[in-house]
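Shared between the two complexes below is chain A, which pairs with chain B and chain C, respectively.
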Partner chain A sequence: MNLWKRLICTCRRRSPWLFHMNSGSCNGCDIELVAALSPRYDAEQLGVRLEGSPRHADIVCVTGPVTRNAVAAIKTVYGQVCHPKAVVAIGSCPATTNVFIDSRTLAGPLDKHIPVDVFVPGCPPRPDAIIQGVAKAAEILAEREMKPAETELPPTVEEARP
Partner chain B sequence: MNLITALARLLIFPGLLFAVPAAWFFLWVERKAVALMQERIGPPFMQPFFDFVKLLAKSTPPRRGIGGMLMRAWPLLAVSGAAGAVGLLPVLPSSGGFEGDLILLLALLELPSMCIIAAGFSSRSIFGEIGSAREAALSVSYNIVFLLAIVSVAASQHTFRLEMLAALPASPLRWLGIAAILVCLPAKLHINPFSLPNAEQEIYAGPMTEYAGPELAMWELSHGLEWVAGAGLVATLAAPHVAIGWLAATLFIVLSFVLVLLLSTLAAATARLAIDTTVRFYWQCTLIFAVLAISSALFMRFRS
Partner chain C sequence: MSYKIPMGPYHPGLEEPYKLEMICEGETVQDAKLHIGFNFRGIERLAETRNYIQVIALMERVCGICSNIHTLTLCQAMEQLTGLEPPPRAKYIRVAMAELERLHSHVLWAGIASKLMGFKTMFMTCFALREKVMDVLQAISGNRVNYAMNRIGGVNRDIEDPQALVPMVDELEREMMRTIIPIFTTSATARSRCAGIGILTHEKAVSCGVVGPTARASGVAQDLRRAAPYAAYAEMEFETPVEQAGDVRARLFVRALEIMESCRILRQALSKMPPGEIDAGEAKLVFTSGTATSRVEAPRGEVMYSVSWKENSRNPSRVHVRTPTYANMPAIRWMVRGARLADTPLIQASIDPCYSCTDR
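Right after this comes the complex of A and B.
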C-alpha cells in the first residue's frame, strides 16, 4: 500500500498537466507561459502538457487581475478540475491586481475566490520562473489526498467579502 | 485454436502483457519524435506510464444514471476491442487462428472508433458532439479505402485467415494493399494531418472533453493499443515469413517501431487539415487506388 502511494506521488510530480485560464490579463503573462512550452525552455521535459479541457488538468494557471466578468468563469473552471488539483497564479496581477488596483471593474486578487498554491510574481515573469512555479505546484500536488482538504475548497461568500 | 493458445495470445504475447508496455513505448515515441523535430528534448522515457498512473489516481466528477454508466463503459470497451485486435495478430509462426479471423480483427479495430463516436455524444458536451461528428465523417471516408485494401490483399491470396496471409509470399498486389492501409493509418490513429476528432485546442479535446481520471487513462491506453494493432497489422502483412519464433517476434517489434517512427514524423511535419479537405482526399484521391487494387485482385482470381 505504501509502495503504491509512493508510486502515485512520483507520477503526480512527474506529470503535471496544465490548464491555462486568462482572467483579463494583458497577454504578457500568456505569451510567457507559451514561451515556457516552446523549444527554448521545453517544459515537456518535466512532463508538462497544456490541456484543452479543465477535466484533464491537474494544475490551473491563472493570469490576469481577475475582472468582475471572469469571477464566475474562474469558479466554474476550478470546480471542473478533478481532485487532487493545484493553482498557480502567474504574474503580479492575480497576486495583488498590480497597477489596476482600486479599479471598479476588478474583483481581484485571485485568492479571494479560489485557494492559490503558488504565486509567480513578475510583470511578466520569466518562462524559467513559470516552470519553477509549476514544478513547485506539482510537488504540492503530489502530497495531496484524493479527498479535498478544508484549505482546498473555495472560500464561501461571507469569507470572500472584503 | 484451442482455449490455452487463445488465452496465451490474448494475455501474454502479443496480447496484454506485451501490448500495454508497447503501447506506452509507442506513445512515448510519438511525443519524442515531435519534440526532436522541434529541436526540443521532449518527455522522459517513462512519461506515458507516469501519465497513466497519475490519471488512475485522480477522482472523476460524479456521474448519474444511464448516461454516467455509458460514460464509464465506453473507454473500457475501446480498450478491450483494441487489446483483442492485438491478440489476434499472427506474430508467431503456427500460433493458431481460424478461418475468417481477419474479419474479426477488422471489427475489433473499428470498435475504439465506434466507442469514441458514442462517447462524445453520451458526454453531452457541445465539443464532444462536434468531435464525434467529425470522427464519424472521418471514419466513413477512410474505412472504404481501408476495407477495400484489406479485401484486395485477402482476395489476391484466396484466404481470410490471418496466419495463412502472413505465411504466403508477398505479391505486388499485396504491396499495393499495404500502401493503401498505410495511407489510412494516420486517420485511424487520429494523428496529424488527420487529427480532426480530438483537434487539441481547436475544439478543446473533442469527444474526450468531459472525460477525467481513470476514464481518460483508459482512452490513452486504447489509443496506444490502437498504435500497436495498426502498426502490427502492417508489420505482419509486410514481414517475410520466418519459422523461428523469437526471430519472428523481433522482426515484428522492429517493423512496428519503424512504422511508428515514420507515422510520428509525418505527424510532426504536417498541420491539421480541414474536414472537407480530408474527406475529399480519401474519396477522390485514394479511393481510385483502392478500387484499382480490388478490381485487379478479383480479375486475377477469376483468371486463375
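Right after this comes the complex of A and C.
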C-alpha cells in the first residue's frame, strides 16, 4: 500500500458523511440519529456529518421496515452513492421488520434489496450505539477503498421499480 | 407561465418521506399538493391480528415522537371496554409522562424549525436542552423513545420519588426562560424568517378543522386537556396560550408558551402525586362487545382512537386512529399560497407534521 492510498484511507475513516434515509420508520430512530449529532453525544468529533445529497455521502443510514413505496427510492439512492460506500441499518426494523412483521405493505427486511454492512439493533438504538455503528461502518469504508471499484451502474428508474 | 416544483419524497428539507408538489409563478407559490403514503405500514390491519397485550406494543410504534400518547389513548379506550378505572396515582403518572413528552416534542420542533431557518446554533442549543428532558424521561421509564409506561388499568412503572424530579424540572424551566424563549421571541433572525409568513386566518382554521398548536395560533382556543379532561388533568391548573396572528411566529409563540405551561403542570403533577397503587390489579381482563373512543391532546393536537371489540375475543376487531397531522395537513395548502418558495420548508414544518402517525 503506498503512502497516498494510506492517507486516503485515513481520511475516509475520519470523515464519513451520512445520508439518512427513512424507509417508513416511526421517527424513533430518526430522532435518535439526530440526537447522536447533537452536543451531548457529538458524533461530529468523528468527522460525521449529515449530508443532504446521496452523491456527497459515504455512508447510507437506513431506518424503518422498508415499505413497498420506499423500495424503488432505496435502490436509486444506493445506486447514487459513489464507491466506496457502506450501509448502516439503524434499529430493529430494517433488520427484521420488528413488530410490523406480517404486514402486507412491507417489502423488508432491508438486506433483501441492498447489501447491509452494519446492523445497529434496538427499538430504537441509543445514540451511543448509533455512533458505534457509524464508526464501524467508517472502518469498513476505509478497507473498501483498497478494493477496485465495482463496475456497477446505478439502476435506472424503470429497473428500480418493484 | 407557471411551473411545477416537486419536493421530496427524499429531500434534505423534509424530515420524513412525503412529497410536496408546488405550482409556482416565478418565486411565488400559487398552489401546493401533498402526497403521502410512503410510511404506510398497515398498522391498523396488523392491530386486528394482535392480542390486547401485543397491540399496546404495536401502537407504541406508530410514532417515535409521541409514542406515549398513542398507548395512553389506546389504553383509555380499552379501559372503557373492560370497565377498569386506573387508580389516582397512575393518572398522575400518566399526566407527568404526557407533559414530559409534550416538552421534548416542542423542543425538538423548535430545533428543527431553527434548522430550517438556517439558524444552526439554535438547533444545537435546542437539542442540548432536549437531552435534559430525555434524562427525566429516562429516570422514570428507563427508555428514551418507547417508554412502555401504559397498560390497561394503570401504568407499568412507578415514579418512586416524585419530589426528586422537581429540581430537574426547575432547571429545565430556567434554561427555557434563559435561552430558548428570549432567542425565539427577540432575535432578529427568527423574526425576519417567521413573522408574516404562512398565515392561516381564523376563518380558514375553523373551516379546515385544524387542531392543537396550529389552531391555537390562529385564535381557536381549543384544548382537550381543558375541554374534555382525561387522566388527572381536571385537577391541574394551567392556561391555554392562544395567539391571533396565525403566522409561523404565532405558532412558535404558542409552542414556547406551552413549554412553560407544561413545566407548570409537571411540577403540580409531581408534587401533588397521591400515594397508592399504580394499576387496577386485574389479573384477567374481560372485554365487552362494543366500540369505545378516546381523545387525548397530543403535542400536535387531538388524537382519537376508536377501538371495537367482540366479546370473548383476544384481539380487537378494529382499531381506528385519527392523528392531528391528518387534520392539520389540508391547511398547508392555504398557508403556502402566495408564499416565497424558500419559505415553504419552514411553513410546512410549522404545523409540526408527523407523517408516520398519519400514514401508519
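Rule of thumb we're sticking to: the second predicted complex is superposed on the first by the 143 of 162 C-alpha atoms of A that agree within 3 Å, B and C clash if a C-alpha of one lies under 4 Å from a C-alpha of the other, contacts with A are read in each partner's own complex, and residues count from 1 in each chain.
Criterion: a residue touches a chain if its C-beta (ideal position, glycine included) is under 8 Å from a C-beta of that chain, and two chains touch if they have at least 3 such contacts.
Quick caveat: nothing in here was measured; it's all calculated off a predicted structure.
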Which superposed partner A:90 touches (first chain B, second chain C, both, neither): neither
Comparing the two partners chain B and chain C, which touches a greater set of residues in chain A: C
First, second, both or neither for A:7, with chain B first and chain C second: first
First, second, both or neither for A:32, with chain B first and chain C second: second
First, second, both or neither for A:120, with chain B first and chain C second: neither
First, second, both or neither for A:53, with chain B first and chain C second: both
Partner chain(s) touched by A:134 [first = chain B, second = chain C, both, neither]: neither
Which superposed partner A:45 touches (first chain B, second chain C, both, neither): first
Doubly contacted residues of chain A, that is, touched by chain B and again by chain C: 39, 52-53
Chain A residues within the chain B interface of the complex: 7-8, 10-12, 14-15, 17, 39, 42, 44-45, 47, 51-53, 55-56, 58, 80, 82-84, 146
Residue ranges of chain C touching chain A (in the complex, touch as defined): 9-12, 15-17, 37-43, 45-46, 49, 54, 57-58, 61-65, 67, 108, 124, 127-128, 130-131, 134, 144-146, 354, 356, 359
Of chain B, residues touching chain A in the complex: 31, 35, 38-44, 46-47, 49-51, 53-54, 57-61, 127, 200-201, 203-205, 208-213, 216
Touch list for chain A against partner chain C, complex: 21-32, 34-35, 38-40, 52-53, 64-65, 67, 69-70, 73, 77, 98-100, 102-106, 123-124, 126
